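Please find one structure pasted underneath; my questions will follow.
Each chain gets a letter, A, B, C and D, in the order it is written, and its residues are counted from 1.
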Amino acid sequence: MKNGEVNHLRRMGSAWAVIAVVADLVYWFAVGPHVPPGRLTEAAKNNQMDFNILMLVALPVLLGVWVYLAYSLRVWSAKRGGPEPVGGPAAASNRRTQVLWISITSVAVLAAAAFGTVALIVDHGSGGGEGPNPVWMPTGAAKAETAALAGKATWAPGTNAVLPVQVIAQQWKFTYRYPTFGGFESPDLILPANTSVAFNVTSLDVIHSFWAYQLSIKADANQGVNNVAFTETKGPGQFVVRCSELCGIWHGSMYNYGKVVSQGAFMQWAQQTEMANAANTKLLPPFAYTYAPDANGAAGGLYPDGTVTPYNSSLTYGAKQPAS
Amino acid sequence: MTMRGRVASVLGLFVVAVALVVWAVSTLLTPGTPGGVTDFTKTQAMGQSVDITVQTDGAIGYGPHPSWVSYLVKNPTTGQWVHDTTWQLPANTTIHMTVLQYDSGSPLRNQEWGQVQGVSNAQLNGKSYSLFNSYTGSGVGHTFTVPELGISVPLVGTSGNICASGPCHLGSPHNTITFTFKTPKQAGEYHWQCFVPCGLSSLYGNGYGMSTQNYMGGFLDVVA
Amino acid sequence: MTDTYNKPGVMSTTPEEVEFELRAHIGSIWTGGRLFIGMYTFMVASLAFAYFYLRSSNYSMEWRPNHVTAPTQYGWAIYACVAVMSLLAIFGQSRLRKGQVADWLVAGWTAVGIGLLALFLQLWEFVALPFYPGSSGYASTFIGFGVMNAVTLFATTYWVETTVARAHALKREFGADAILAKTSEARSFRANVAAMTYFQGFAFLVGTLFLLMFYVL
Amino acid sequence: MTISAERPTDVVATPPSTSGAVRRGGWFSQHLGTALIAAILGYLFGHWLGNHIAGNYTPVVNSGVNDLANFFGLLFGVVGWLLGIGALNYPLAKIAGRSGTEKTPDVEGFSKYFRYSTDHKTVGLQYVIGVCLFLFTGGLLAMAIRTELLNPTTHIFAPSTYIEIVSEHGTIMMMMATSIVVGPLGNYLIPLMIGSRRMAFPRIEAFSFWIFTAGYMVIFSALPYGGFPTGWTGYAPLQNQAGPGMISYLFGFAVIGLGMMAAGFNIAVTIINYRAPGMTWGRVPIFVWSILATAALLTLATPVLFSAGLFGILDRVDQTAFYVAEHGGSSYLWENLFWFFGHPEVYIMALPAFGIVAEILPVFCRKPLFAQKVGAAGMIGVALLSFFVWQHHIFQSGINPDMRPLFMLTTELISIPTGFIFLVGMGTLYKAKIRYELPMLFSLALFFNFLIGGLTGVFLSDVPVNVTVHGGFFVLSHFHYTIMGGLLFAFMAGLYYWLPKMTGLMLNKKIGLWQFWLMFVFFNLTFFPMFIIGLLGQPRRVYTYAKNLQGLNDFSSISAFILGISFLIFAWNLAYSWFIKPEKAPANPWDSLGLEWQTATPVPVHNFDRIPVIMTDPYHYGEPGATALADLSGVSSSTGNPA
């Protein structure tokens, strides 16, 4: 920068510094605490925090470019006259600027990736679907999951045990199974407060996605796959469950409301429902993490059933009907 | 032709093409409910209960897809069977529903739907029931389920010589299921559907009739 | 702002321009041949991915119950055809470089015949399968492979046929030694032969991989 | 095998292959009309054939739906279309040994625009009309979506109709966006910018356009078939379960994929081989770089979609089980294959936009393009990296959960080369002399919109935050900011900038300003609220939503209608500036140094009287006495060796 010239970059920089700091402060104190998904669970709280921290970085970047654009569009407009731009190699490239830009963006990007990774691991998958064999789990989750399969899982208020809950997605409704209470199935999702919950999400047909919004849980439901997601509930509250993967005609209607209630109230509800549903629970298949329904459905007819002989021009392909 | 004329004719053709597209889109994607709305609000006096009679057929027998499963509803004024799954109901009113189930059944994919939920006085051929084991008898043919209202009733399958195409008549073997529920106070469109994968020849049985409005699902259009 | 239009001149070419465009054209055949191999690779790689993905995940234990296998005699026969075709292509091209046009033509027509035979075998195999298409993951990927292979065989045979036919046309138009001449037509033709040979060599490698995947393993 | 053996060093002059003979086509020679007739006949034949083969199969008898007949109908319809337009004349003649280099002279006169033309300028203009038809169809459907979302409980469309609309809108727009720049501007301008008289494979180029139009009809045919319920992502196994409209989606993408591969193949080969003497890689204009990177993605990523579509079609017409878990398939297989194509596809849309704005900025800043090499490297970097990020679309799906940190890293890494475009833009603006012409305004709008789109992309790539924003309106808004806010604004910039060259007529500035400001303001008012709607928990593709979100949705809908009007204003501007008050464009209205402005307007068939010799890069603005861009008198005999 030569002497006597207006130092444009310094002007922009100081304007930007002020605006960015103000924006960050306003965001952090006025907006941040209200950012979804709220604070109903540990995962929600952490994800809100992650969102806010990314926002703290993103806002200055956004404002930096905007300040630069606004300044240059105004100051260097042809209508305002000003000196003719200088061309030549110096204007076409500037090694220092380029190196600086690439370094800054690289550092920012790597920091964001590192931050995201740490947040993901520390928060046991952050409430996202972790597949059938989760690598990052809360303590006790593995034990509870294994016990649930054997029908031996227990949960009682005040025990700090992990509560496994199965989410069964089907066109077009979620239903829920509670292996710790005899494996009853219910259209209602009720959870105890201050408890680690392991959601085991599976589907009976096409892909759905279990999105418990305020719990900050999202896990795709695939037929034949158990997709596990963890969170720890906080105080009592309401939440909405929606399907967030297009699953056909009634996708928009595939929602229900759930509740986080006190541990005692949950225990009472669970035991009552277990009793009320006992007759039906006996008819359900034993609790498992995936189910194998017939791809043909009740009416059959899509895939041939059983063994089919090699092609024979006198036979009609797929002629054999499955028993329905 | 002059340059201008040529370009004009291109743009003219383009406008024609756009007009064709607009016409095609608006014809193929008609707003509104397929079939129509059957109105149950006019036939009863205010506050009186409403009777709905529907039948479920293995094959509707007419229309663009005669082989698909479907619900049919009896029009309260004319008494005709209508192919229509959007029913306009008064809010906060008792509904007596009669289902004539003409279709065969199967074990349920999810036995959860074998339970009677959210309705009172559910009767299967005159006998009260609250649960049906779908592994017995002819299984469950369809369900009538309104997820948002917590209503679900298994419609038990018929055995024997089932009615081949609708509308079916009382002479064909059928099960009669009756139950009572109350519409919510809040007006709105409440989606109902069948939870038995009965869409013949589609993957998981949930295609075709199950995936098309006016066959195995629709709305309870509750009006204040 | 300039207000006058540049006036278009009359189309003409200088010898330099002709040579420049000819080189660009031959370079395009070279580049295009390689790029086509790249595209083909991504296409068959998707099939290989499907194969290994379904094989390793083995959903519902239905990847390959009872180790069903498509008729191996067909597999080997088709593979032999592909192998002979690419050997003929490579052999033919080396003869062509040495000026033995007749050898190349014979190799070419033989390759066309073998290609048609392989195509026929591949299509006929579909009606001789001991499984129905959706019976297992293996069955599904095999059908996918069969369709892709049929398309590949058709395309390769078409390519060989058009090249050989072009050689005859060149001879008809420009005389017996037109194929080895330094005319633009002949140079373009030879570049095409080179690209074709290269592709056939690659198709042979792909064929080997899929033979192992579907018939041997 | 080496090709060098095929290159004799001696120079042989042959007469120019393009003869001056004028061919005029009659009513019954091949044109759009014969193509339509042949397509209809092909469809009828295919449909009959499919019914003949599979009409009595159990699934068909039970459901009354015959996928094979529909598929064969469409397949033979497309073959008929190609036959009718004349695309197959040469491939068939080749069997009898016709030459690859000889070129049938195009039909001249106005009707060439309705024919199989091998002139890249004709193809470019055909594409302009083609993509506009695509765009307006998709836009019409967008209006329908926003109409339905005016009210959460009262439904204007039935849910099945709504899903049809959403899916059709997404698919049409995605198909259109792959070609919106490469098709019209790429085809028209690439030879002009690299100083070539022709494309490398003009027939493949013409094929790419006519198969693109066939793709439009195939995807449109989903509507009479009852649509498809899967959205543009076409997830299996919903795809397997869907009605017959799904065939149109799968086959439509395959057909469009063929067009994408053909267009990319031809353009990549042309750029590599047909650059004028002296046009070293360092002198290649940035727009050409962006199109080259795009072409690489088009050729290499699209085959994967093609395979995935083939598997999908086989699943439906042959009852294979690629995507059905009970029969040994996997629903994850489609997700992996689709997104392996799908993410490069996203950059197929972003890169040409960067190229356009980087090309336009120096002209209106009167300054050299800043950091051109970094910009070009960034484009290549984006293209390469885009093959390694696909799993960020399926973070919550349960696929490879322990790989998520890796894909989070690659995804965020891609913002480094993407950021180069901001470096290029901001560097060029520095101490410039900015003229606010329409192309410049649209280019600047890209920087505004794409910044928001890009930054929200970082939120999406962060796995913990992704839990909340995935599959909701947040991501919807994000990609509309990048594709519409980026690509469409750049496309408009490109049209306002280059249409005077392509048509010889200026577009009206006043109407253009109305369009720009309405489009810019209401684009942001439409899509910015959607970030909030998404954060407040509204999933994509739903016909009903929480009642408390009605205000925001209505705001967005009404803005969307005005945004729609801005496109009508654009159409009006075309009509006004071309017929009502045409204004002849000056030879170089923007005082650009680009090579494409150095040739005559309208561009002659042979583009350049002499193949130019390039001396330098085209960005020497603000540099009095700089070397001239090119020697238009061509390679003289004395310097006969082209560089």
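Criterion: a contact is a pair of C-beta atoms (placed from the backbone, for glycine too) under 8 Å apart; a residue touches a chain by one contact, two chains touch by 3 or more.
From a predicted model like this one, the values you see are computed outputs, not experimental measurements.
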item	value
Interface with more contacting C-beta pairs, comparing A-C to A-B	A-B
Distance-maximising chain from chain A - centres being C-alpha averages	C
Rounded Å distance, chain A centre to chain C centre (Cα mean)	45
Cα-centroid distance, chain A relative to chain D, in whole angstrom	31
Approximate Å spacing (C-alpha centroids) for the pair chain B, chain C	54
Chain B residues counted as touching two or more neighbouring chains	191, 199-204, 206, 211-213
Interface hub residues of chain A, defined as touching at least two other chains	205-206, 224, 248-250, 253, 292-295, 299, 301-304, 317-318
Chain D, residues touching no fewer than two other chains	58-59, 62-63, 159-160, 229, 237, 241-242, 319, 321, 324-327, 332, 544
Each pair of chains that touches, named by its two labels	A-B, A-C, A-D, B-D, C-D
Partner chain A, residues of chain C touching it in the complex	59-60, 126-132, 134-135
List of chain C residues in touch with chain D within their complex	1-28, 30-32, 35-36, 38-40, 42-43, 45-47, 49-50, 53-54, 57-60, 62-64, 93, 97, 132-141, 143-144, 147-148, 158, 161-162, 165-170, 182-185, 187-192, 194, 197-198
Touch list for chain B against partner chain D, complex	1, 4, 6-11, 14, 17-18, 21-22, 24-25, 28-34, 65-68, 187-189, 191, 199-204, 206-208, 211-213, 219
Chain D partner contacts - residues on chain A that touch it in the complex	8, 35-37, 43, 46-47, 50-51, 54, 58, 61-62, 65-66, 68-69, 72-73, 76-79, 82-88, 91-94, 97-98, 101-102, 105-106, 109-110, 112-113, 115-117, 119-121, 123, 125-132, 134-135, 201, 205-207, 209, 211, 213, 216-220, 222-225, 227, 240, 242-253, 292-295, 299, 301-304, 316-321
Residues of chain D touching chain B in the complex	58-65, 110, 113, 129, 132-133, 136-137, 140-141, 144, 153-161, 164-165, 220, 223-224, 226, 229, 237, 240-243, 324, 503, 544, 574-575, 578-579, 582
